[in-house]
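Next up: the structures, one after another.
Heads up, the next two complexes both have subunit A, just with different partners, subunit B and then subunit C.
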Partner chain A sequence: MNLWTGLLNGAISGATSILLAGLGGAFTYYAGVFNIAMEGMMLMAAFCAVWGSFTFSSWVAGLLLAVVGSLGLALVFILFAVFLDTDEFVTGIALNLFALGATTYLLRQSFGVKGVYAGSDIEPLPALTLPWVAEIPWIGPVMAGHNLIVYGAVVATVASAWLIFRTRFGLRLRAAGYNPASLDSSGVSARRMRVYALLVCGVLCGLAGAFLSLGYVTLFSENMTAGRGWISLAAIILVGGNPWGVALIALLFGLADVAGLLLQSYQIPAQFTAMTPYLATLVALYFYARRASRAIRGRAAGFRDE
Partner chain B sequence: MPALIELQEIVKVYPPALLALDHISLRFVEGEIHALVGENGAGKSTLMKVLYGLAHPDRGRVLYQGREIRFASPAAAIAAGIGMVHQEIVLVNEYTVWENIVLGAEPVGWFGQIDRPRARRQVQAIIDRFQFELEPDARVADISVAARQKVEILKLLYREVRVLILDEPTAVLAPQEIPQLFAELRALRDQGHTILFVSHRLEEVLELADRVTVLRRGRAVATLPAAGTTRSELAERMVGRAVLFQSRRVPQPSGEALLTLAGLRAVDGQGRISLHDISLQVHAGELVGVAGVEGNGQLELVHAIVGLLRPNAGRIVVAGTELTAAPILARRRVLAFVAQDRGRMGGSLSASVVENAIMTHHRLNRRLLRWRGWLLDMRAARRFTAELAARFAVSTPALAAPLQTLSGGNQQKVILGRELLLDCPVILLDQPTRGLDVGSIEYVHDQILAMRAAGRALLMVSASLEELFLLADRIVVLHRGSLVADVPVEQTTVEQVGRWMLEGVQGDG
Partner chain C sequence: MAKLFNGLLGIGVALALGGLLMLVQGYNPLASYGALLQFSVADSYALATTFTNAVPLVLTGLSAALAFASGPVNLGQPGQLLMGALAATVGGLFLDLPPLLMVPLLVLLAMAGGALWAGLAALLRQVFQMSEFIVTLMLNMVADFFTIWAITYPLQDSTAYSPMTPPIAQSGWLPEWGDWNSAVVWMLAAVAATWFFSRRTRAGYEWRIGGQNSLFARLGGCPVDRNFVWVMLLTGALAGLAGGLVVMGGPHRFLRGLGANDGWDGVMVAIVANNSLPGVFLYGLFFAAIQSGALGMELITGVPSEIAMVLQGVLVLAIVASREALQQVTARLAVRRRALERRA
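Take a look at the complex of A and B:
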């Protein structure tokens, strides 16, 4: 395996959790929910995955529990932000803080350790060998040998794009975000569409969290999501929610993630290399803002020429 | 003829003590256009809501095709064949015409995938059937307000509605767009649809409707055939007294220029030009009317003068004082301003009548200030408000009552009175009679004309050409942010101004 294959392989691993959370957030973004709780949902899922896999000695149980844990938070979000009309931002912050505190506490309660639990009795997600994938030149070595959720994320990207742009569900979902009054007057409850979007987001963040603690690594550490939920939010805002755009940005962050790891071998302090994805976020935002303001000025200039 | 919809002794009470509908009995016949007219608060909208399932009567029955109905929701009403087009248009701007029409009733194939060819075909078919000129693939954000209204109507026709309720359908249209809407509504009637429409504009009611029902204070006072009924008759039944429709404006020489705009230009956040080198003068004793289809720069012009929007170029001079970059408070010493939105910018609905009446005065009126302006004399404020209420005939339960407990007309009187008592040389009026009933409009017009007679310079934006022709000395027309016409009112006609509004000057040739 040469350096590039290794780099891209690592990028795909690094991108998967951001991609899944980002796709979940894309649904809520289109439904008009300002959802920042991906971080908390993912963290809760990561813990539940390790706990489930450890307790039942089965990665399947871990995966299921991860989805259940994440959905639990999504239901709380639905109860408060959709039905009780509390502020979405405040609700999201509360859920993120709750997830951080709860997982830290549960880690100490269940495993009796502080910081990290990385016992060998956690069953990780098995790597999947798709025979025909490995044989594709160039792409094969990069795509082969990942676990189930990585391939699931690829399928989820295609499915999300299709659902959002091609189906009845998607037309109503986007209408709920663009103009909820119009959707309501068409006889479809905008509120119900928001509930659906948050449930989908819960499931996808559950997968993202399970991937983190049973796929990317096989352990749970406090605050192990380390801002991935926020980066997925940045990705969504950057591309206006489009699933393909989210996938692209997630890959770029995956690359930044690997680049950070590579830099460590050049005796740069780990604290700095760990900053790479976040710096990449800022750089991406900078270029995005530049492009947007240029577009505005361009249009203004066009008018002056008239 | 048998009635399609029959209302029997409908009573609706809004607690604590507002009798909105007082034993109303009415019959709507299949295939007729039936207009409902009445002042604000006469019960028109409540009656429509009862029919549409948005409100439930406390007593009485609604019969539809001979059977008693009681809709739980608008969706149930639509399913039964009764649809309503509201005054404000609620469409998804980001969607195309066909997407908006099918939203909520989409034809789908496998796994809920939208069958686009079929959806477009069905939409094209109803567009053709009712001969609405619409492009199914156009984005709603790109089409005119008139076209959006058609989309709303088609949305109901797509759901096979037989009875259409229209709430002030012409309020958002330019004069030139109205005949086409009326032709389309007549075509719908001729195909067997029943149309109920609510309107303030009596001449339109008489032109379009087959029968007219007049509501006054929750009672149906008369149902008349439109043919042979005059506007004055309708107005008299609505108000309960005779109403004048002729202009009461007396010619008078105008004085020096009090408001001067020179080369005013503004660019909005997206880089679009919203005001294009506007130059305009308003003289003492003169009322200049600003006409234009909504969204052509009226709001920006008003905001630039008041100081809510900083122009990118140009000057604003009021009574010899340069105000181009002045703060709002400095402008308000020489500029009275009646905002178009009573509840948001003109006043605060939850604040008391007193608090609303002293806004701006609380900074400028020495009578209300103590301790060099650090303290407000509330006793003087109440006295001031009582004087205002007496002079402008405000009827209010109490001066301490929130503004929202007053009727629309009385709210406007409080705001108008406050602004006129500022005693400013220039008065800026942004749709001062929007949403008011005939009686209140007449009162506001009288006050405006009195200010003109007192030698003030008035600039008035109005969506009603009739109002402009009634009050203005000169009319200027805004089209896409440019001033395309500036003519004395005697030298033009409603039709010509309407054409300018739609097409700018080029369209006039």
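Take a look at the complex of A and C:
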């Protein structure tokens, strides 16, 4: 395996959780929900995955529980933001902090440790070797040997793009965000579309969290999502929710992640290299803001000419 | 009145849910809550501990509440707190003046550190139109790694086993009177000053109006852009002050994990207080009481003290939900009354 395949391999691992959470957020973005609870959903899922895998000695149980845990938070979000009409921003922040507190408490309660649990009795996700993929030159070595959820994320990207843009469900979903009143008057409840979007988001964030704690590493540590949910939110905003765009941005962040690791071998302290994904987000935000302000200026110039 | 009722309802629901959680896990909830009370307010020492714990919560809470009420979504309290703590630590390591000069100087340095970090976000917003919401969040992570680097390499105490700085000059330690730490005085002063500024000065009025309706404020002649920068600087300074006081009042050095949850706790305090400044003070004290009482709970009934974080999370959700539910009920009642009046 040469340097470049190693690099791309690492980038794919680094990108997967951001991609999955970002796809979940894309559904809610189109449905008109300002959902910032991805961070909390992922964290809760990451804990439940480790707990399930440890308790039942099976990664399948871990994966299922991760989705259940994440869906639990999604249901609370639905109850609050969709049915009680609470402020989405406040609810999201509260849920994220609740997830942080709950997982910290449960870590202490279930494993009797503070900070990190990394026992050898956690069963990680199995690596999958797709025989026909490994033989493709160039792409093969990069794409082969990842775990289940990485391939799941690829499938999820295609499926999300198809669902959102090519199906009746997707049309209604986008209408719920674009013009909820007219969707309601056509006989489809915008509220129900938001519920569906949040449920899908819960499932995808569950997978993202399980990947973090059973795939990327095999442990749970306090606040281990470390801002990945926020990065995925930034990715959604940057590309306006388009799943293909989210995938591209997630890969870029994965690359930034790996580039950080590479820089470490050049005597740069680990603390600085660990900043790269966050700095990359700031850079991406800069380009987005520049494009947005140019578009506004262009429109203003158009008005003047008329 | 409605606010008080709503707060009590939320607290009641949160405590009931917390008790249920303890019951399910085989602890005695009543004995646990007894211990919580005993170790948070029962005697002078407990009360002093609660007030000292409240210092960073109230200050970051003020920071978040003032920012949210004025418009800017400054979620950078954790990072601004760390940078403030680092600035105060650096000052305390390299300077040694008489305490009467040293303490205010370190306080100012802490505020400058926090303001600088928030100012960076304000600059990116003003020059490049980058949303301060995501920028402050990302800067939190950067500040986190930066301070860990600073205490691991350049400022490290070579005699210590884990990353930390040597203690700051003793002249920079906040004086203590018995159980009471003078950090509390700084906190009370900050609460009073922030309230006075927000309610009794023209700039404070402009900020509040800008938060309620930015367009109205602009058409009314408020310098909205300039106010944005000032809000960020001041709220950053408040969070930085929290960090400085934590260093100067407590461990007198920058330890790894210092102020770890204080920034986010402050955001929670601001949310439950619905950005009201007196509310931030009261809920900050309440959160601090839960945190100091939780240690007592662990001692007496064995409930892990991390339950404080669960209680806080549930409390925020319960108060937000009851606030919205109450509003909906009152709105519905008003509609019905109007309908009845029209019929009559």
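Keep this in mind: the second predicted complex is superposed on the first by the 297 of 306 C-alpha atoms of A that agree within 3 Å, B and C clash if a C-alpha of one lies under 4 Å from a C-alpha of the other, contacts with A are read in each partner's own complex, and residues count from 1 in each chain.
As a working rule, a residue touches a chain if its C-beta (ideal position, glycine included) is under 8 Å from a C-beta of that chain, and two chains touch if they have at least 3 such contacts.
What you see is a predicted model; the values in this text were computed from it and never measured.
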| item | value |
| --- | --- |
| Subunit B versus subunit C as contact partner of A:5, first or second or both or neither | neither |
| Partner touching more residues of subunit A, whether subunit B or subunit C | C |
| Which superposed partner A:186 touches (first subunit B, second subunit C, both, neither) | first |
| A:218 touches, of subunit B and subunit C: first, second, both or neither? | neither |
| A:110 touches, of subunit B and subunit C: first, second, both or neither? | neither |
| In the complex, subunit A residues that touch subunit B | 162, 166-169, 171-172, 174-175, 178-179, 181-183, 185-188, 296-301, 303 |
| Complex contact set, residues of subunit C against subunit A | 25, 73, 75, 124, 128-131, 134-135, 137-142, 145-146, 148-149, 152-153, 261, 264, 267-268, 271, 304, 306-314, 316-317, 320-321, 323-325, 328 |
| Partner subunit A, residues of subunit B touching it in the complex | 74-75, 78, 86, 90-95, 99-100, 103-106, 108, 111-114, 155, 267, 269-273 |
| Contact footprint of subunit C on subunit A as seen in their complex | 76, 80, 84-87, 89-91, 93-95, 97-102, 104-105, 107-109, 226-227, 230, 233-234, 237, 269, 271-272, 274-275, 278-279, 281-282, 285-286, 289-290, 292-293 |
